[in-house]
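First comes the structure, then the notes that go with it.
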Amino acid sequence: MNSWITTNVWLIPAAPILAALLILALGKAARRQGAAYAVIGQLVALTMSIFAFVPTLHSHGFRSVQNFTWFTFGEQTLRIGFVLDPLAAAMLVMISLVGLCIFIFSVGYMAEDKNFSRFFAYLSFFSGAMLGVVIANSLVLLFVFWELVGLASYLLIGFWIERPSAAAAAKKAFITMRIGDMGFFLGILWLYHRSGTLLFYDGGQGCLENVGLLTLGASATFIALLIFCGAVGKSGQFPLHVWLPDAMEGPTPVSALIHAATMVAAGVFLVARVYPIFLVGAINGVTPSLTVVVWIGVVTGLMAALIAVAQFDIKRILAYSTVSQLGLMMVSLGVGGVAAGIMHLLAHGFFKALLFLGAGSVIHGCHHEQDIRKMGGLCRLMPVTFSTYAIGMMALSGVPFFFSGGWTKEEILHATAQWPRSHMPYYLMLVGVFLTALYMTRQIIFVFFGNRRAASEHAHESPSVMTLPLIVLAVCAILFSVVLTPAWRWLENYLTGHPARFDPHLLIQPMIIVSLALVGAGASLGIWMYRRAAGSDPIQQVQPALFRFLENKMWIDEIYDRTVIALAAIAARFSDWMDRYVWDGLVRGVGAIGHFFARLTSDADERVINAGVDEGTVGAHGFGRLMSRRHSGQIQTYLGALALGMLALVLLYAWLG
Amino acid sequence: MLSGRAPDWVIQAASSLLNIVALLGVFLTLFALISVLERKILGRMQNRYGPNRVGPFGLFQPVADGIKMLIKEDIVPARADKIVHFLAPVLIAATAILSLGVIPYGRNMTPFIIDGGILFFFAVGSTTELAVFMAGWGSNNKFSMLGAMRAIAQMISYELPLIITVLPVVMIVGSLNPDKIVAGQSNYSLGVVPHWFVFTPWGAVAFVLFFVSGLVESNRTPFDVPEGESEIVAGHMTEYSGFKYATFFMAEYIGMFAISGLGVTLFLGGWHAPIHFLEFIPSYVWFFVKLSILLFVYIWLRGTLPRTRVDQIMNFAWKFMLPMAFTCVIAAAVWHYIGRGLRGWLWSLAVIAVVYFTLSILLDSRRKFAPRTYRFAE
Amino acid sequence: MSTVAFAAIAILTLAAALAAATLQKLMHAALSFAVMFVGISAFFFLLGAEFIGLVQIFVYIGAVAVLIVFTILLTRHDAEKVRGFNWSGVIVAVAVFAGLGWAISKTKSLSIVPQQIQPVTVQRIGELLMTNYVWPLLCVGVLLTVALIGALILVMEEKS
Amino acid sequence: MPTLSILLVVSAALFCIGLLAALSRRHAIFILIGIEMMLAAANLNFIAFWRFAPQPAQPTGVMVAIFAIAIAAAEAAVGLAMVIAVYRHFRTTNVDQLDHLKG
C-alpha cells in the first residue's frame, strides 16, 4: 500500500479534480450529489495523503521521485515528474485536512446559494490544483498547477459574479498575481537556459541538486529573485499584497481556503521548495536574494499588522493578519529558518482556517454583516464559535505553551535573532508580535464582548455542519503544538531529516519571556483600550489622521492608482492619441494624396481627354467584366485555375530539373 | 508429361481453369441438391411431401426446374436500363462464385492462395451490394428499387458485425490467410476436444453473431425482408424472369454456401476432424459434413421462424449486434492476454456476460418489441 | 504475359475512367467508376501490393460506389436534368496531361524496370501500422469518426 | 514488365480524366467522382514508386496508400453528404447554379 501510493502520488490531486469534473458534468440541479462528490473527493485525497505520509516517517530524508518525459522536440526532451518528500507530505496532509474541514463547513455556509454545485466544483478544482503544486517535481509542472490555482482562485473570488465588487476583486487578484507570475516565468526560462533541466530532483541531475546548482553560477541570484516574484504575487507580499484584502469579496469558505491554508501558502512553499537556488553562493547562510526576501517579509509583516489595527471588516482584519503572518514566514525563510517557516505555515494553516471559518460562522449568524462595530456580545449567543475563535485568536497572537502558533512564532523569532547581517528584522518582528496581540484582542472584544449592537440582536449559533469543522480545527490548532515544542522538535526534525529526541530542559527558553511579555502587553493594552469602546475606535478619537492613514491601507491602492495605473492609462491614452492623430493622419494624408490625384485625373479626364472617355470606359468595363467572370463563385472555375497553377509548377520543376 | 516443357503461364492458366471447373462443378451440383433438399425438408416440417414426381424421390426436380427456366421467355421491361439490367445478375453470380475461391476445402485444397484471403472474401462480397443495386435500379420499377434499398440497407448494416466478428479470429491467429486460420485450430486436448474457436466464449458468441449476420447477408428467412412477397412482390428480382431469375436464385444459394464455408473455416476448425483419430477420413469430407450441418440449420430456420420487420432488423443490428461484436474482440484480447487457459476462458466469458446483460437492460426488449400499435388503421 | 496484362488493365482502367467522366447517365458513370477501381486494384495486384488492391475494392466498390449510387438516388429529380458539358475543362485537362507527360518523358531516371521483390505481407503491414504508423493510424481513426458524425449531421433534416 | 515512366503516364492520364470530370461536368457528384479518380491516380503513383524503388525498400508507399484510401473514404462520405445537403437546400445539384461565392 505504501509503495503503491509513493509511485502513484499523482492520484492525490487527481481525486478532487475528478470530483470537480464530475460535479460540473452533473449540472446545476444536482446540489446534494455535487457536495457529496466534492467531500468524497477530498476525503479520498486526505486518505491517500495520510498513506503517502506514512512512508516518509520510516526513513529520515525520504524522497521518492517519479519522472517521465512529457514531450520531445528535436534533441530536447521536456521531462516532468512528481516528488514525495517530508515537505510535500506534510503539506499534503495539511491541505487536504484543512480543505476537508472547509468543504464540510461550506455545505452549511453555502446552503442557500443558487450555484451551490458550481461552488463545490470550483472548490474541488482548487484543492486538486493546490495538491498538484505541492507534489510537482518540475518547475514547469509546478507552474502549470500554480496557474491552475490562480485560475481557481479567480473563479472563487469572483464567485458572486453579480456583485461588481467581487468581479473587480477577482480581476484584481488575477492581474496582480500575473505580474508576479511573469517574473516567475522569466525565472523558469532563465533557469532552463542555464541548467537545461527543470526537474527538481533527478538522481543528481536535477536543478536543485549539486550538478544543477553548479551550472547556475552568478545568475542564481537573479533566477532566485525572479522566482521570488511569483511567490510575492501569490503570497501577497509587499508590493503585490493589494489583491489579498480585496479578495475577501469571495464567500468566506473561499477566504479560508485561499487565504489561510493553501494558496497564499504556495508562495512560501515555493521559496522553501527552491531554497537551494537561493542558497547558491551563500556566505554564512546569507545571500543577496535571501536578504531581499527578509526585507520584503519584514516590510510586509509590519505594514499589514499596522493596517490591521484600523480595520472594521472582520474578514479584512484576518486578511491583513494573513499578510502579516506570511511576511513573518518569509522572514523566517530569508534568515535561514526554513523548517521554522514551514512549521509556521502548517500551524498557520490550521488556526487561520479556524479563524476564517469562525468569522464565517459569525457572519452567517449575523445575517451576512461583516462590520465588527455592529456586532458585540456574541459570546453568549454563539458559545461554540466563541470558544473556538478564542483558541484561534490565541494561536495567532502567539500565546506560548498551549497553542501551535506560539511555538512556531518562537522558532521564527529565534532564527531571526541569529541572523548575522542585522538585528533590525528581529526588533521589527517583535513590534509585529505586539501588534498582532493588540489587533486580535481588539477584534475579539468588538465581536464577542460588550453590548449587543445592531447586527447581533438576532444572531444565532450556526448548525453543527459548520461548528464541527471549527471544533476539529481548534483541536488541531492545540494538538499540533505537541510536535512543535522546542523540547521535542519532531516536526522540524522530520522536515530537515534528523531523528527527533525528547529533551524537557529545552521547554523553557529565555527568549520566550520576551514574547510572553509582548503578547501580554499587547493583549492588556487591547483590553484596556477597547473595553469601553462601543461601536467606535479609541484610536480614531485620539489620532484621527493616523487612523485614517491606516484605515485606508496606507493609501497604497491610491498610490498605485496614481502611479502604475495612471501610467498605464497615460500609455493607453498616448496610444490612442498616436492612433487617432499620427497614424490616422498618415492614412488621411495618403488618402488626401490619392484624392488629389483622383481630382487631377478627373480633371484631366473631363477636360483634356474628353474625347477618349467613351473608349476608355468601355475598355475598363470590359476588363472588369472579364475579371468578374473569373470570380464566378463556381467551384469548377477555381478548380481549373488550380489545375493550371499546378501545371505551371510542374513545368517549372521539369524545366529546372 | 509435358508439364516440364510447357511455359509457366500455361501451367498457371491450366491449374486456374481446373480449379474453376472443379469449383463450379461441385457447387452447382450442391446447389441443385440443396434446392431440392430444402423443399423436401421444408415439406417434412410442414407435414407434407416435398417434390417427389421427377426421378427417384424427386431428385431430378432441379433438372426439370433448370430446363423450365432456360426455355422461359426472358422479359426485359421497355423502360429498363438494358445494360444495367443485364449486368446485374452476371455480376452477382460472378462475385458469389469468386468468394468461394479462397475457402480451404481440405488439406491443400484451397483454390486461390492469397495472403489476405479473408479480406478478399469480404472485398468481393461487398460488390454484391452494388449488383443488387444495379438490379433494383436497372429494372426501373418501384418495387425493385424499394427491394434493392432494403437489401442494401440491411446488408450494409450487417456487414459491420459480420466483419467485426471475424476480427477476433484474425487477431488470435495473426493472419488473414484462411489456411493459417485452419492450421490455428488443428490441435486437440486429450485427443478428443478440438481447439476450434467455437469452443471459446468469444468464439461461440462471435460464431452466433456471424451466423446471424450471414443469414442477413444471404437474405434468408427470417431476414428475407428485401424480397418479402407480401410487401414488395419479389424485391430487386421483380422484373427478372427466366434464366436471369435463376442466376439470382443460384447466386443467393452460392452466397449462402460461401458464408457457411467461411464460418466453418473460421470457427468450426475448417476441414479438421472433431476427434483426433478420425483424421484418417479425408479432410474434405469433414468440411462438407460441417457445411451440410450449417446448411441444414439455414433450412431449419426458414421452416421455423416468421419474417422480421425492417425496423426491427436495423435496430437489432446497430443496437445489439454491433456492440456484441466489439465485445467479442475485447473478450478475445482478454482470453489471449490471460494466457489462453481456463482462467482466460472464464474471464472472457465474464466480459461477454457483463456486456450482454448490460445491453439487455439498456435495450429493454420488452418495451421495444411490444406488439405493434396502429395509429391510423383503427 | 505481364506486359499483355498491363496493357489490358491500362486500357480497361482508362476506358472505364473516361466513361465515368463523360457518360451522360449519372448511374452509368457511377458504375464505370466502380469498374475503374477494379482496374486500379488490378494494377496494385500486378505491382505486388495485394493488400492495397483488396482494400481498394473493399472501400471503393463496397462503400464509396454504393454511397455515390445512394446519393444519385436521393437527388434523383435532378440527376437527369443536370446535363451539359464545360468544354474549357477539356482544354485544361489536356494541357495538364501534356505538361505531365512532357515532364515524365523528359525525366530519364524514370525509364527503369522493377527488380524482384518480396510481396509485402499483411503481417508486415499490420506490424508497421502498430509501430511506426500508430499515430497516423489513430489520427485516421479520429478522422473517420469525425467524418461519420459530420456526414450524419450534414444530411440530417433541416428544421424549418 | 513495363517501365516506370509508362506507369506514370497511365496514372497521369487517369489524373487528367479525373480533372476532366471535375472540371467539365455540371453535376456535383461528378466533381466528387473526379476527385476520387485523381486520388486513385496519386495512389497508383505511390505504389509504383514503391515497387520501382531500389530493393529492399521500406513499404512506405504502401502505408501512405492505405492512409490515402482511408482519407479518401472519409472525403467521399462528407462530400456526398454535402451534395445531399446542398440539394435539399438549393433544390439543385448543378454546380453552375451554386455560385453564392460569386464576387
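Per-chain numbering from 1; labels A, B, C and D assigned in written order.
Going forward, contacts are C-beta pairs under 8 Å (C-beta built on N, C-alpha and C of every residue); 3 or more make two chains touch, one makes a residue touch a chain.
The structure presented is a predicted model; accordingly, all values stated were derived computationally and were not measured.
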item: Farthest-lying chain, centroid of Cα atoms versus that of subunit A; value: B
item: Averaged-CA centre spacing for the pair subunit D and subunit A, given as whole angstrom; value: 57
item: Subunit A-subunit C separation of Cα centroids, rounded to whole Å; value: 60
item: Chain centre separation in whole Å, for subunit C relative to subunit B (CA means); value: 28
item: Inter-chain centre distance, subunit C versus subunit D - centres from mean C-alpha coordinates, in Å; value: 6
item: Of all residues in subunit A, the ones touching two or more other chains; value: 636, 640, 643
item: Subunit B, residues touching no fewer than two other chains; value: none
item: Residues of subunit D touching at least two other chains; value: 19, 22-24, 96
item: Touching chain combinations (by label order); value: A-C, A-D, B-C, C-D
item: Contact footprint of subunit B on subunit C as seen in their complex; value: 1, 25, 27-28, 31, 34, 50-51, 54-55, 57-58, 61-63, 65-66, 69-70, 73, 119, 121-123
item: Complex contact set, residues of subunit D against subunit A; value: 19, 22-24, 31, 95-96, 98-103
item: Subunit C - residues contacting subunit A, complex; value: 86, 88-89, 92-93, 95-96, 99-100, 102-103, 106-107
item: Subunit C-facing residues of subunit A, complex; value: 636, 640, 643-644, 646-647, 650-651, 653-654, 657
item: Parts of subunit C lying in touch with subunit D, wherever the complex brings them together; value: 2-3, 6, 10, 13-14, 17-18, 20-22, 26, 29-30, 33, 36-37, 40, 43-44, 47-49, 51-52, 55-56, 59-60, 63-64, 67-68, 70-72, 74-75, 78-79, 81-90, 92-94, 96-97, 100-101, 104-105, 107, 110-118, 120, 124-125, 128-129, 132-133, 136, 140, 143-144, 146-148, 150-152, 154-155, 157-158
